[in-house]
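As written, the chains take the letters A, B, C, D and E, and residue 1 is the first residue of each chain.
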Amino acid sequence: MALRLFWIQFHRELVSVARSKEEALNPLLFMFLAISLFALATGGDPKTLQTFAPTIIWVLVLLANMLSLEGLFRRDYEDGTLEQLVLLAEPGFVPVLAKIAAQWCFSGLAMTLLAPVAGLILFLPSTILPTLMITLILGTPALSLLGAVGAALTVGLRRGGVLLAILVLPLYVPILIFGVSAIMQQGNGITTDAQIYWLMAITMISITIAPLLVHAALRISVEQ
Amino acid sequence: MALRLFWIQFHRELVSVARSKEEALNPLLFMFLAISLFALATGGDPKTLQTFAPTIIWVLVLLANMLSLEGLFRRDYEDGTLEQLVLLAEPGFVPVLAKIAAQWCFSGLAMTLLAPVAGLILFLPSTILPTLMITLILGTPALSLLGAVGAALTVGLRRGGVLLAILVLPLYVPILIFGVSAIMQQGNGITTDAQIYWLMAITMISITIAPLLVHAALRISVEQ
Amino acid sequence: MSDSLLTTVDLRCERDGRTLFADLQIKLGRGECLVVVGPNGSGKSTLLRCVAGLFPDYEGAVEITRALYLGHKLGINLLLTARENLHWYEGLTGQASLVSEVLERVGMAGYEHVVCQRLSAGQQRRVGLARLLICNASMWLLDEPLTALDEAGQGLVTGLISDHLATGGGVFCATHQPLAVAVTQTLELGGRQ
Amino acid sequence: MSDSLLTTVDLRCERDGRTLFADLQIKLGRGECLVVVGPNGSGKSTLLRCVAGLFPDYEGAVEITRALYLGHKLGINLLLTARENLHWYEGLTGQASLVSEVLERVGMAGYEHVVCQRLSAGQQRRVGLARLLICNASMWLLDEPLTALDEAGQGLVTGLISDHLATGGGVFCATHQPLAVAVTQTLELGGRQ
Amino acid sequence: MTLKTFWHQLGSPRWFYQMSKPWLYVFGCLAFVLLLTGTVWGLGFAPMDGKQGNSFRIIYVHVPTAMVAQSAYILMGVAGLVLLVWRMKLADMVLAAVVPFGMSMTVLALVTGTLWGKPTWIAEGDDTWWVWDARTASMLVLLFLYFGLYALRQAIPRQEAAGRACAVLAIVGMINIPIIKYSVDWWLTLHQTSSISLTQAPTMPAEMWLPLVLNIVGIYCLLGANVLSRLRLEILRREQGTQWVRELALSGNA
């Protein structure tokens, strides 16, 4: 039952994103365009780009994710389907989880899969690419989950976007720091286990608490 | 008459943005948050940051501007006021220009005024800050004007956001390049007149053709 | 108590400093239809949202069975087709139904696979109304269900309401247009302004 | 020719492969009111948009004087107050008027400074309707002007239309609800489905 | 025929359809002959370059495609202007016809450029398949401009609206192309003096540059032929309801 509910919501999200006009620059495209801009603006100097590549990639992943979260519940809120969801879904956190999962597929997962390309454009040595991908696949689910809490809290509000950023970015900072430092250390030949474990821990915690919090937050937002 | 039309539309935009919830992370906030993320992720190393500062600032200005352009006509399109504007305003490009001007005040102008702060966060030497501001104030109007053409073309479409980025970013490239290179050259003590003149020229061209093109594009978008 | 679908005790709500309604005692049993009327801005929609559990900013108590709420907002995703929307709704309510039959009953046969954005105003409303045929809640909360509908559509809605009442359901409906069903109670909000 | 406010010749429009109307000859003079009726999805709104110049995908010719178009969409910015919205509209049309008086006439006195988002559905429609009192176009194109209005509101609209007709204006209106004005011509689109 | 009547006739699809038939053959044959001779000569018989060996032969594909890709965009910008100002249907068709051709030429230039660059760049110590230099950058931006036009047309369901929307975009792009080219050239050469030393055309013997010239002229003829044939197809499709097309179809020599 709950599984069916998950699946139906998940499918709906995929279809809807595929047809949407509001995917606020779909995260993947955002990342690649921004990376090309960086490369162009630095005059394409491989040395400089290489030192900065991990930072650029991780910061852009964060920003892309946050931008796409902004629209996660907005359309549903405006057309009234969020009301239906809050009133009828049982248990309520299941469709919420499905929505977050779908958002992650289009942002975190997609960006992880294409991160090697991004790395190559920025002249990241290919020995580092696996670490880049591992940190991304472990870190991005937490970005989506934590971000969704912020998105749910701000969906009905004026100035939602601004609030969202202020609420969410502080939560993102540890993930960013662990992610970047793992790649940097790998580049210097130091072991990266600690960072990996930390990223896993953050994601595990998020996955347990975030869906319930998001559901509660959505109720509050609908009841205006 | 045309002046009054300009003023009324301009005023309306200011009020509306001030009350809006959709300013997709107001550009200024976006820039500062992203800059802090860069500073955090590099571990705050002044040397590295400094070399990269002009690039970071200019790329973020571009992205922030593009994101805020996405919403420039969306609300008007959805609530039907764009129809009224296209049908009734005479001459039609005046309110369009007013809308762009207002958007610029909240993005380009605001970012220019606070650019010194951004520069200081990234350890840019203070002798370079005037050049940074001059390039920004000359270049950002062109960003808003050219971007508005893209925004007007994509407002009614599915996948508007993605399309907007593809349409607009190539047009932004020269502005980015002249902006960054002026700052770099200033840092190396080379004269920057050429870049300044180019930025002025691009802005002048944009200001002459963009409003007319935007008006034509809006008509096309409304007629769906 | 078990026979009452909706009971409110001393319901009272204020918005922007204006008292919309006060001391409202509603008791709706099976097969009963309560219609709320009143001028624009008198608080009909607010009352319905209070009762539906979508507006907690009231005083007093509400007791209600599982209900279906149809508000001013369409409640359908315009990027999906009619079929996809109803399919999602089925999943949400846990009810299985024959979606194509349902769509045919609301007069949308032939438009199942059109993205709702490309439907006319009334057709979009009809897709929203199709939910009445899917959800088996015994209480219906309807906010101006006749909006944008043609004559046939209005007949359809009144037919659905009558059927629902006949099978022991309850209906709580706000409307400006006369409703051609056996209205059990009428509630008037707001004095003439 | 100068006496005709709206003329169409052989107007024909197709959408999604369905012919909505064909060979439409409309001629509307001063003081005349044309009402379009038809089931949902029969093309009333499309026809109005063709005539208003908001939908160019038709065959045939349309000739029209300066017109005011009021569609399904509200045409007001929900982030602004009623006053601010009308003030903008004045600027757009170049007409000066007394905004507070206008708002009073549409029954929105006391709500001038409320952000439109916080108004009820009917109140939002009323703010939209206030435009009829500002723009002095001689042709009105109205798409279901009675939506969401209470009885008083409906009376208001019919009153406005009658006045406009009496002063030599023309009205072209799509509606599902009967309109209590002297209708000169009726156009029926789409067969019963 | 005065200029004015010519202008009017140009606006008439039917006249254009009939007039263009011989031109299509002329361009088509020229393109075929020139490209064939140029390519066979260039790839097979032209003398080998002293420095680069056989890899230099890519120039016979690379340079013509790169040049025509840029010209095609300018052509579209002009067509866009004509469409918006004079509302000439034919201009819309030009606009629609050039996009796929220009896009594929840009891709070809990029691919041959990188293929060519790879050994060169390796020789200079950069073991990559991509370098951010002036030509790659401006070509990439051009590709994005083409891609934007293509995507915009796909995104707008109504044909007529799509045409005008693309016209608006093509105009902006046309004004920007020289600026983009200038800025990128100037900026990236400033930084990257080393890696493009080989792109400066060496003084070549005639057997080397003659095939190149043949290919360049040939590819412009191909552009002409391509646009004309697409235009003619497009005209038939859009005017399929009209009398003259039906007669043409019946007579069987379209």
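Note that in this section a contact is a pair of C-beta atoms (placed from the backbone, for glycine too) under 8 Å apart; a residue touches a chain by one contact, two chains touch by 3 or more.
Keep in mind that this is a model prediction, so the values were computed, not measured.
Novice: Which chains make contact with chain A and with chain C at once?
Specialist: none
Novice: Taking each chain's centre as the mean of its Cα atoms, which chain lies farthest from chain C?
Specialist: E
Novice: Tell me, please, which two chains come out on top when C-beta pairs in contact are counted per chain pair.
Specialist: After tallying contacts for each pair, the winner is A-B.
Novice: Work out the mean Cα position per chain and let me know which chain is farthest from chain D.
Specialist: E
Novice: Return the distance between the CA-based centres of chain D and chain E, expressed in whole Å.
Specialist: Distance between chain centres, rounded to whole Å: 49 Å.
Novice: Between chain B and chain D, what distance separates the C-alpha centroids? Give it in angstrom.
Specialist: 37
Novice: What whole-number Å value describes the gap between the mean CA coordinates of chain B and chain C?
Specialist: 45
Novice: Roughly how far is chain C from chain E, going centre to centre by Cα mean, in whole Å?
Specialist: 59
Novice: I need the residues of chain A touching at least two other chains; which ones are they?
Specialist: 19-20, 40, 43, 158
Novice: Please set out, as single numbers or ranges, the residues of chain D touching at least two other chains.
Specialist: 56-57, 72, 79
Novice: By residue number and range, which residues of chain E touch two or more other chains?
Specialist: Residues 137, 158, 161, 184, 187, 190 of chain E touch two or more partner chains.
Novice: Can the chain contact pattern be summarised as a line, a ring, a star, a complete graph, or none of these (other)?
Specialist: other
Novice: Chain pairs that touch, all of them, please.
Specialist: Chain pairs that touch: A-B, A-C, A-E, B-D, B-E, C-D, D-E.
Novice: Touching residues of chain D toward chain B in the complex: what are they?
Specialist: 52-57, 69, 71-80, 84, 87-94, 115, 135
Novice: Under the stated contact criterion, what part of chain B meets chain E in this complex?
Specialist: Touch list, chain B to chain E: 146, 149-150, 153-154, 157-159, 163, 166-167, 169-171, 173-174, 177-178, 181, 198, 202, 205, 209-210, 213, 216-217, 220-221, 223-224.
Novice: Help me check something: in the complex, which residues belonging to chain A touch chain B?
Specialist: Counting only chain A, the residues touching chain B are 19-26, 29-30, 33-34, 37-38, 40-43, 48, 51-52, 54-55, 58-59, 62-63, 66-67, 70, 157-162, 164-166, 169, 173, 176-177, 180-181.
Novice: What part of chain D is in contact with chain E in the complex they form?
Specialist: On the chain D side, the touching residues are 56-57.
Novice: Which part of chain D faces chain C closely enough to touch in the complex?
Specialist: Counting only chain D, the residues touching chain C are 16, 38-41, 45, 72, 107, 111, 114, 118-123, 125-126, 144, 147-154, 176-177, 192-193.
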